[in-house]
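Both complexes shown next keep subunit A, but they swap its partner, so subunit B is in the first and subunit C is in the second.
Our next item is the complex of A and B:
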């Protein structure tokens, strides 16, 4: 769910920067010059500013300070080590594994949760009965409403060799040679986790795409049909270009989410076996909260920050370009 | 768009194919969840021997003992979800009102600061937050999670309510002001009631978030009497990981409320998303 709420959060960032309808803005209060009343108006926002500044912004700044220190576990003494923790990052093979795993997470999620969901959404929206449209949308969404802890545990069981249904299913299909200890095998662990994530998340993006498709004027399809365009042509020439903004935004949101993955990996493998399924989030946890190396953990957090900021600026650039075009 | 005339043979074929596709995706989604719920009825040995079979007897024994195991966590989850929903929605509604309806100074800057919080991720704030909450004496209390859930959700919730308030006609509150109403009265009597639809969606979205959150809950709580359901489930798993039937029942119990809430409030939820992805 953390990833999902992140998608909801980020999904809206583009909306924030999106052009509003150009209604003429009138001044709210007739006499705006009164300094006292303007200052007094700040009371509406004060609580939001305090709580967000204190618990969201300040820790991010503090994180950079922590990342330049090392604390001795025994004496509690804090030493300033400059960029030493960042140098360690470059030499840490697990960081490389984690970066690759996060990237694989991003790529496969884009494939399934953006393009797969787009196709599924256009099929669902193509149904004539609105009752069925709502039905499928809702059914596909259900896993997204459930906590990642529950779905992670559920798939932990599904992947188990003795009680799990995946190997049983493969045996039933005559594919016994495919079955393996999915989460215990270094080459499959992270992909098994990613597969669970797709199962959980695609319904959410399908829902978002159906909303985007509903906003396309019906007349366009009628006109295309009159010109003799078949369903696939309509999909390619109308639906796809007109939901391009949504697609672009979803790609960026998916990347941001993929670099913040934590819960599913933690629940299903804890980063194992042999650190093969570590992602940046779980490695940060391992270093900071198990090894008590807060300085190094903060340096890993900075990497997450850099990637998410890159994605966020891509998102701003994306929406700004759209505004210029509009 | 798949409005292929179903009278033609190929049209019928492709319709059948599309339905088969929708149906099989549906089965892939629903079957694991059903397996989980049914597993809660089975005996431990049946889970091993017949993973695909229906339960031999429909006994609620596992569910009852699982319920006893999770009810403490359930109380924490309910409390933290309820309180943080109220604080988030109120703080956000005030902020949105301030940003759209008052002569606040430096409005673009303030808007950017509050909404910009949406881009900052909990993972990055984790390490400093540990020390901060410890020094505030909030570590391992319900308040730690209530405050963090509020802080990290206010930007998004403010964003949704602000977008809605911007679209409300200004004539109403202008007229009220002429009649001498104070900003506080305009907020309580006019704007807040008009915002009810978006506030409903914000409530649903926040409940979904707070009920399922794991990262903060795992790091900032330690005592079982403070821990929420997601954390409780994992510790239950490590303690009685061999009693699979009971773990299945506990998982089902913790997923059920949120699935029910989703189906009951789908309408608001979808509206919230529609608002959220811009117009």
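Our next item is the complex of A and C:
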């Protein structure tokens, strides 16, 4: 077992060659003819560059420019205010609430949709019967196939204080003291939304982990069993390290998604009560489209961009690391 | 966790970019003698997106297109909530439709301020031929700076709808003051029925209770001064008194803090299904609350204005509500055609269709409601509107958006027990100061 672990930790299995580090080469400018030909070759991707530049990069730059202004959408008047909107961000208590809600969203999603889904995928893939494996995969994936709006409405009725089945169930079990006004209470609203989101996203993550686990050679498990390793030891020493790439990717995607969350909150609470379930996306919408404060909304968008950019950078860094291969 | 947020950011940036590049629109005055050329396209944004209301404009658009084959009408039908965001998105991207829905007060004033609405004084002003076909108060509600900018479509006001059968079974008569209503609530509650179904998940239903209570507790001139952030003080004791009265209604008549987790649509359904005795609703919802398809039959449905507290400092004859209507965009390439379509919509014949079930929207057109075709409750409601000393506009459309937002979130916190009445008023005062 120790040998298998050592092989995995070293990043290769028997027979796989260790990557060779290429010697540094001196950078040479191409000959003029080849340079011209390379520039000419750019014309084939010019249209794509223009489209990407116009629809992806220009809005990012423009968003930052808008964030340095105060705009009246009705009159079209624009007043340049420098970084005043960013100073307002620091003083806005709802922004702090929204940041915390996004962070809680990310942390709980990592717990359930990454580590929980990993454990569940391991259990499902450990089943001997392929029929049962297929059945459970389908069962867990079904919630992901339902639209967020429909799921939001479904959970609104589950949480409803008058006719909701959650409080009804708790009361039926003699646990009345646990019943709450889930979406109407400032202390529980955001967690009720996060719970709904986990229910919906859990199956999709499980399916991705299932695919990652299926790629692990069965010989490793056979060898581990011959060495006397139990299921938990196999999970820790084989499955976990060999799905590390997928786990890392899932964490990054989950964090990015948690800071872009919008639909779930809009459908279930609209950010209420008393802004307690606002996330950056809904507060941005509230400022831009309800309070007509486009400059401030753009400043919030810049914060979201910075956070998701950090997550994306982490993703690039992670994928460039030496991979653990089987 | 979805990608719509990313799209929204791009929309904001793109909308702002387009907005930055555009100069403010020019003032445009409608010309009553301008010839109508019946060809081209009209884009019309309504607030009739609900399933029950949607066929009204669809039918009219179809009829108009059949009458004028050269005209194409594209409808954008939104509901009460979505029309707010949709309108501002279209304004920000300079894509405002030819004809668009508007509330009165600050909401409509924004379009006038931004020169987005055509000055309709020559065609719909009180002295014009078309203007004389409307109730004068309805036309007057869309006056800004002495000029008419809106075409009123229907009248709206808020009443307490109730189940006559439950009231009769429990020996309760229509309450004449707030204390009597609270006592009625106690009786209904003892019978195991929810006295008032109330859903405040959307935040604005609570604001409607408060708006009526403010009209009862704060003098009109003080309210009007405070609606303008530049002159707002929010120092009158009637504000706190109104919030305290609201708390009494909340605690004795509803499920309490739980209302923040209930949608207003569920609340009206509770009245329709006989699970509650009362629901505070707009006159335009009467035919939705009680119809041939609901458990609560139209003959069982009654209503009364939210009872006023005794000896309050405001006006006990005031009624919360306002006409709602449509404006014409200054960017429209075919203003005469847009006006011609709206004249068709507000003809006596079409007005009567609007006032009758299933729509039940009491038309602003004089003679545009036929009591024989309408629900008796809607006919009586119209009479109550006519008798009101003044119409108190909705708090979330008459105020600056920042002040409206403070009222909305503050009242939810008040309901949840997280803010006191004084703290809510203070929060609103701060918002007004920031908006001035």
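Definition applied: the second predicted complex is superposed on the first by the 266 of 326 C-alpha atoms of A that agree within 3 Å, B and C clash if a C-alpha of one lies under 4 Å from a C-alpha of the other, contacts with A are read in each partner's own complex, and residues count from 1 in each chain.
Heads up, the rule we're going with is that a contact is a pair of C-beta atoms (placed from the backbone, for glycine too) under 8 Å apart; a residue touches a chain by one contact, two chains touch by 3 or more.
Predicted, not measured: the structure shown is a model, and the values here were computed from it.
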| First (subunit B), second (subunit C), both or neither touched by A:197 | second
| query | Touching A:165 in the superposition: subunit B (first), subunit C (second), both, neither? | reply | first
| Looking at the overlay, does A:209 come into contact with subunit B only (first), subunit C only (second), both, or neither? | neither
| Partner chain(s) touched by A:272 [first = subunit B, second = subunit C, both, neither] | second
| Does subunit A have more residues touched by subunit B or by subunit C? | B
| message | Touch test for A:72: subunit B only (first), subunit C only (second), both, or neither? | response | second
| message | With both complexes overlaid on chain A, does A:148 touch subunit B (first), subunit C (second), both or neither? | response | both
| query | After lining up the shared chain so the two structures overlap, which partner does A:305 touch, if you call subunit B first and subunit C second: first, second, both or neither? | reply | both
| request: State whether A:63 touches subunit B only (first), subunit C only (second), both chains, or neither. | output: both
| query | What is the contact status of A:292 with respect to subunit B (first) and subunit C (second): first, second, both, or neither? | reply | second
| message | Quick check on my understanding: which residues of subunit A belong to both its subunit B contact set and its subunit C contact set? | response | 55, 58-60, 62-63, 66, 148, 162-163, 260, 262-263, 281, 284-285, 288-289, 294, 297-298, 301, 304-305
| note | Residue set of subunit A touching subunit C in the complex reads 55, 58-60, 62-63, 66, 71-78, 105, 109, 148, 156, 159-163, 181-186, 197, 201, 254, 257-258, 260-264, 269-270, 272-275, 281, 284-286, 288-294, 297-298, 301, 304-305
| task | Using the touch definition up top, name the residues of subunit C that touch subunit A in the complex. | result | 1-6, 8-10, 12-17, 19-20, 22-25, 84-85, 88-89, 91-92, 110-111, 113-116, 200-203, 255, 257-263, 266, 270, 401-402, 405, 409-410, 412-413, 415-416, 418-419
| message | For the complex, give me every residue of subunit A touching subunit B. | response | 1-2, 4-6, 8-16, 18, 20-21, 26-29, 32, 34, 37-39, 41-45, 47-49, 51-60, 62-63, 66, 120, 122-128, 136, 138-143, 145-150, 153-155, 157-158, 162-165, 168, 199, 203, 207-208, 211-212, 221, 225, 230-231, 234-235, 238-239, 246, 249, 256, 260, 262-263, 266-267, 280-281, 284-285, 288-289, 294, 297-298, 301-302, 304-305, 308-309, 312
| note | Residue set of subunit B touching subunit A in the complex reads 1-4, 14, 18, 21-22, 25-26, 28-30, 32-33, 35-36, 39, 47-48, 51-52, 91-92, 94-95, 97-99, 101-105, 110, 113-115, 117-130, 132, 147-148, 150-156, 158-160, 163, 166, 170, 177, 183, 205, 208-209, 211-215, 218-219, 229-231, 233-234, 237, 244, 247-248, 251, 254-255, 258-259, 261-263, 266, 270, 273-274, 276-279
